[in-house]
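To keep things simple, chains are lettered A, B, C and D as they appear, and every chain counts its residues starting from 1.
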Amino acid sequence: MKDQLDKPACNCGIVAIFGQEDAAISAYQALYALQHRGQESSGIVSSDGTSVYRHTGMGLVNTVFSDIKVLRSLPGDLAIGHNRYSTTGSTILSNAQPLLVNFKEGPVALSHNGNFVNTRSIREELVQDGAIFQTSSDTEVVLHLMARSREIDMASKMRDALDRLKGAYSLALLTRDRVFAVRDPRGWRPLSLGEKQGAYFVASETCALDLIGANYVREIEPGEILEIGADGLVSHRLSETAERRACIFEHVYFSRPDSKIFDENVDRARRKLGKNLAIEHPADADIVISVPDSSNTAALGYASRSGIKFEIGLIRNHYVGRTFIHPDQSDRDFNVRVKFNPVEGVLRDKRVVVVDDSIVRGTTLRHLTKMLRKAGAREVHLRVSSPPIISPCYYGMDFPTTAELVASGQTIEQIRMHLGVDSLGYLSLEGMIKAVSEDGGFCTACFTGNYPLVPEKSATKLLHEDAALETVY
Amino acid sequence: MKDQLDKPACNCGIVAIFGQEDAAISAYQALYALQHRGQESSGIVSSDGTSVYRHTGMGLVNTVFSDIKVLRSLPGDLAIGHNRYSTTGSTILSNAQPLLVNFKEGPVALSHNGNFVNTRSIREELVQDGAIFQTSSDTEVVLHLMARSREIDMASKMRDALDRLKGAYSLALLTRDRVFAVRDPRGWRPLSLGEKQGAYFVASETCALDLIGANYVREIEPGEILEIGADGLVSHRLSETAERRACIFEHVYFSRPDSKIFDENVDRARRKLGKNLAIEHPADADIVISVPDSSNTAALGYASRSGIKFEIGLIRNHYVGRTFIHPDQSDRDFNVRVKFNPVEGVLRDKRVVVVDDSIVRGTTLRHLTKMLRKAGAREVHLRVSSPPIISPCYYGMDFPTTAELVASGQTIEQIRMHLGVDSLGYLSLEGMIKAVSEDGGFCTACFTGNYPLVPEKSATKLLHEDAALETVY
Amino acid sequence: MKDQLDKPACNCGIVAIFGQEDAAISAYQALYALQHRGQESSGIVSSDGTSVYRHTGMGLVNTVFSDIKVLRSLPGDLAIGHNRYSTTGSTILSNAQPLLVNFKEGPVALSHNGNFVNTRSIREELVQDGAIFQTSSDTEVVLHLMARSREIDMASKMRDALDRLKGAYSLALLTRDRVFAVRDPRGWRPLSLGEKQGAYFVASETCALDLIGANYVREIEPGEILEIGADGLVSHRLSETAERRACIFEHVYFSRPDSKIFDENVDRARRKLGKNLAIEHPADADIVISVPDSSNTAALGYASRSGIKFEIGLIRNHYVGRTFIHPDQSDRDFNVRVKFNPVEGVLRDKRVVVVDDSIVRGTTLRHLTKMLRKAGAREVHLRVSSPPIISPCYYGMDFPTTAELVASGQTIEQIRMHLGVDSLGYLSLEGMIKAVSEDGGFCTACFTGNYPLVPEKSATKLLHEDAALETVY
Amino acid sequence: MKDQLDKPACNCGIVAIFGQEDAAISAYQALYALQHRGQESSGIVSSDGTSVYRHTGMGLVNTVFSDIKVLRSLPGDLAIGHNRYSTTGSTILSNAQPLLVNFKEGPVALSHNGNFVNTRSIREELVQDGAIFQTSSDTEVVLHLMARSREIDMASKMRDALDRLKGAYSLALLTRDRVFAVRDPRGWRPLSLGEKQGAYFVASETCALDLIGANYVREIEPGEILEIGADGLVSHRLSETAERRACIFEHVYFSRPDSKIFDENVDRARRKLGKNLAIEHPADADIVISVPDSSNTAALGYASRSGIKFEIGLIRNHYVGRTFIHPDQSDRDFNVRVKFNPVEGVLRDKRVVVVDDSIVRGTTLRHLTKMLRKAGAREVHLRVSSPPIISPCYYGMDFPTTAELVASGQTIEQIRMHLGVDSLGYLSLEGMIKAVSEDGGFCTACFTGNYPLVPEKSATKLLHEDAALETVY
């Protein structure tokens, strides 16, 4: 699991499909390709034009949909799906998405990737007005606002509801006969449109379109409500306009390198991060190694620009899962050792540049450094392809508290000593932004504390659970 | 499962507990004792005064709570529980009860046994007003009405909501610090109060109080809202007053013979049914046997009054469960044979009175009759300790359609021929009522078609699902 | 589970089928009907004439064969099956039967019901000769002896092997193209032959034949090896001849009342036990009740002979399974209460005769007596339809140690006081034997200590495990 | 799973532990690190000096030992373990290792990695002599031979047995108080000894020692029986002496790059394979990519020697498991697409060298080539870091039949056309051998057809199953 690797937790993946026979099967494939964006629960809602079908469960896509019979019980040409990593709302089945409710117009299902910042007061208002909440997720707020809208058509209901909400979100919504895809006005989270033989596919990342075999068409625009029905595509706009504030961490770490997000190849951006890192923080070393797999591309970029040889110095065990038993809790290094094993023949007597994409607590890197030295590395020079993380994210990433961040309130030299490396270099904010885009338009709040949207007071993860609602799975 | 035995399906069991350490464990025990009232799903919500905890699942109580860790994760001195047999609403996990939602006053959980007859229009009205429904169960309607009530305290909210609803129901409701028990104005479904060392227990049948070790105090009154909190018991009244219309089928078949319901021992009533049957329909026979286990007591009553010897002529296999595989669908008798085996030594060359408590489709009895004859019975005289079932129930029992009822539109002689028995006698309506109570006050709609409350048009089981909501488990 | 009811544990059920399409399905049905003879593990081996297929698992028949695909993976017209309750050998999957091994003649599978008394020395001898044992069950000894036999045909190999072994056993053996059924020379355990449309069925009890729809043909004779192949039935004889020593406890408790064993209806014998008990130990009482279900027939016999009315005074909960959680270990009565609930309306102010078929430790009865009194019984007169159990069984029944037997070393009066009843009467040995058969020929060792076959020293349950072999499931 | 990637199936991993508290936990960790050597079943046998405990199951190590309670039920300081990939013997639980049997000296457990070539005749001989086989695995033959040995001590029994057997094997054996490790006289399969604080650890690869935290001591020698007991290490020798014939495929593909086998770092050998490949088959290209993950190191070697830039052109999805549902069987490319996604930004308009370590059927590579071209690759130059595979392996690797091998009977040009690549170069036999060792001593039978040991006729995978033994899990 990603968080075990001392990375921020990812912020869900969504998908919507229209006009594809057995749409649930394509949704399953897309969710499978988006597995890295959420491993807690998974779900699909499909429609055959008359009835709407839902299946959700805890665990990986393969676990939730381990039986072809389950997929066959989700008939129809329309579907939306969701992989969830808990952000707002705790780890429980009733929070699994897509949510499915009954409107007067019929069943409506909704998948949600991201986070709202002003749901607290709106939720309060709704509750005062007699609304009842069955989950602690923000998604239910959207549905309540839509249900209370006076607008007639679904797209207008959505605009009505979303005009009241602020935040970072990508949504997929399904009714009996159409699907909708929405992105917030700042375009925080990625969302792409694909096409294959007249069928349409919307997914958080293009790697899902690739697996389905669909061709990339374009991004859903920031502030766009894209409606897909039998009569084709119709584009609506949210009322609010704002400057683009795409999450730069998607390029740094979240998205798969084979995806295109924000109209840019992740792979290209990530390599550039490594190159800029090499320019800013050269090293006098023999080899460059990566902390696999997320830092591979940046490490190649560093190696290429610095002229230092790229080597595979750490082997990652891909069989690690949630169920691994760590019997001896006193063996602190074991958690890291079970994931990574150093390649002694590569490291022995070498001065090693280690490239990692980001550091949260620093726990993994401290153990890795010890491990590398034990395997014979003479020097360890850590290079990080993003700036120090110092502030929480209110837009969909799950960090530890600020106090737990290794970079919070420490100088670079203090961090270096804490990690036990010979030298330490973080990519500068400027170097990072330049690597990703010429034009800017990114949210860098976790590195800078500059928040494009200020959250309501105490927008903590369990915000809506102060009402003391807890469901045990 | 009961319905496989050609009986109406039972209509759920509920429980509420206040002031008992580890209330969830007592709720588990009570639900276990009420297993016969619903085998589809089971659930418990507990409260420790601060937070509220929920666990529900598909299957028997023992399956849903197979791990002590699950019970331990439901802390606190308050709990409500539910065993569900689907009546309104289809067989899906999201319909599992208790429901748990957030009010502005905090979390509220609700368990529901019975059926409303006018939710269709109210649901429509709520939906027009922007309410969204996440389940197809009536229980959600109660919660929506409560949430919209202008009343301040919870008991008044309940009265507000229930004054608008008509039907047959017993309810258990939990907030952070109190539980409530309600029975409809006609007292359709049983609900009893027990006490043990200062803790209070409410359950559909007293056999649950027995297992817990609580002493029976009294019935919850028809039309009563009983509030149980740290300050003791407070009794509120619903606005509507009406004559008692207790479900007579509870005495005929549903309730356990060791329970006391409607202030009467089921065992005593059931034995009296058998005696009256013997008076009305004597038989010239050698032995009396029962269709075990539900008809045992009535058969004893018949034997005692008629002077004919009671024998055990059918052995019932209690290992039968849902998972039994019937590989050869062409073997129609197999379904009956797997549940019952005749005792040849008892039956050979005997004239046999078979006592059954009720007949729905007649399929089981037709097979049983063939089986008894094959085992040597010379004559088979069927005696039924209730009148012919001719009409659907709108108050919580699950029957097949009228056309499938063996007694619908057929004379007794036609039924006798259909079942292949030598003689057939049904207890008269009068004989049944007298057996159960001196004072009357029972609903006999399924035998007479006289409905104390007329349901809205097309109040079929899937009423609220015409909106095409379907959730796959 | 039976042992939780303070009864000796049953001693396995076996089945063999020849000439029936999809024989595994019939085996499954037969094992299902024999579930009461063993709930620990279940297994089937089938043959399609070319290959031999096996599936075994821990738990009830319905659990082990919960998926029709498993039964479909056991093709062919021949099958043998087994329900196991651990006697010799501990509770582990590798002891699940049927065993399947390769002989030079091809695959051979064996199911075994009963116990040998001289395997210790033979096992030793085999091991000295280089045999290796993979289970701790006696069944493997039979197979080793057969494999080492110089005889050519399988029936002779069986005779060769079994002539060396002493004990109480019924066996079912399968090769690629035939099945065999064997009963020990004393005919300790029941085993019957049935027929249906040219196919043959062998089962421990006839209730299995009933469920399959096969007609009872005859018992497998004591000392008979019945070979069933394409050319019909061939009967072989073991060398040893001995007087019949059928287990009388089969009639007292083990077998189902709807079965015929030892050529006698269990029901008839059991009723006679009750009648003789009434003659020997009359009571001045108002009602007779049974400890359900195993004592029902004896209680009817008692009631019929004594003229005292039979009533249902205890309701048994049939949902109890292994998984039931008893959270409060200090509540000693709970284990009994969860299985039985008294019917107060029946018991109040009554002098009650309680009929039970046998008593082992007495724990359940002591709790039941308290429960009956609490429900209002004025007097409790316990009548037991068999003599006091004082000695261990070496022939397939699982008792607690002698010291734990309530009747061991105590007078009737001491037992009465221990159980807290007003009077206590056990059926005499003579009364029991006369009830079951005119001719005698029964083993009564557990009541008398007279052992037809003396076991080797220390033939304890874990005999072969002193070699320290333990397999965890 | 590896075979789905068109590679030969791996040949099991074994482990033995002596003197380590909670040895089963260390065995679990070691097996976890050896997961790549067998994913079908896993098992551990432990000893506490008195009793011996066993647990085996189907699936990954994490699945079989998903509950700490299972590991806690395997107490003691001695343990052996096994990961199985079926070679001889079919995919069934009863073939799961370690096997555990009872000798006259007590319990003996055995784990086996490799394959014997002359068990057919010996098995026949044993069966004629009355031995019975319960599995279809060769391991049971070893145990039968040992049980029949006249030697007194266990090491001599092992020599006695193994002197009769020919083949490629590494063994781990456990008795109550000692463990043994054996390697065949040619040293076919790797097996290493480690030490940590006085405890000894034997494992197929050193990556298992690394995870445990043990220090590498030395290889178990070809022909050595290493006995480990309370009195330390004793080394015995098998009678046969032979030239070393280590499996070169272990270096090419099987072993993890972070392991040391045959006293050589896999990583170093694999990089050299890539370098020699670059010398023999240069390419006029822009980038070098690997088929991840097994070819990464060879690709780096190729890139480094050729001076062409190494890039990550394919992303591998590590969530793929056995349970993945491929709903549309007509979509042939899907199986490959679900495992690999091309990185378009890297490939677009590039001339690409693809390095793979070996080719079996060629199916995956054909699909990959299409995928690379679709992603924009202008030219695809395939380089394989081992020679064409043309012959079956009788020593523990699982290949398809010769007819299915893409290189069987085809010229390089024919293969090139079949795969659809622009050029194709296989490393020469000489180039491969030189890369791995100066001294030779390797088995190259799968590349050359030169078999160091000729197998008995028809030593097919299901050799011992022609006796038609089949066990369904």
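Operating definition for what follows: a residue touches a chain if its C-beta (ideal position, glycine included) is under 8 Å from a C-beta of that chain, and two chains touch if they have at least 3 such contacts.
Being a predicted model, the structure only gives us computed values, none of them experimental.
Measuring between Cα centroids, which chain is at the maximum distance from chain D?
B
At what distance in angstrom does the C-alpha mean of chain D lie from that of chain B?
The separation of the two C-alpha centroids amounts to 60 Å.
Round to the nearest whole Å and give the separation of the Cα centres of chain B and chain C.
Distance between chain centres: 37 Å.
Distance-wise, how many Å sit between the C-alpha centres of chain A and chain B, to the nearest whole number?
The separation of the two C-alpha centroids amounts to 48 Å.
By the touch rule stated above, which residues of chain C touch at least two different other chains?
Not one residue of chain C touches more than one other chain, so the list is empty.
Taking chains as nodes and touches as edges, what kind of graph is this: line, ring, star, complete or other?
It is a ring, because the chains touch in a row that closes back on itself.
What are the touching chain pairs in this one?
So, checking each combination of chains, I get A-B, A-D, B-C, C-D as the touching pairs.
Taking the touch rule as given, give the residues of chain A at its contact with chain B in the complex, in rising order.
50-55, 70, 73-74, 99-104, 106-107, 124, 127-128, 130-134, 136, 143-144, 147-149, 176, 464, 467-473
Can you list the chain A residues touching chain D in their complex?
22, 25, 28-29, 32-33, 35, 60-63, 65-66, 68, 71, 207, 210-211, 213, 256-258, 260, 265, 267-268, 293, 296-297, 300, 304, 309-312, 315, 317-319, 321, 323-325, 327-328, 331, 337-338, 341-346
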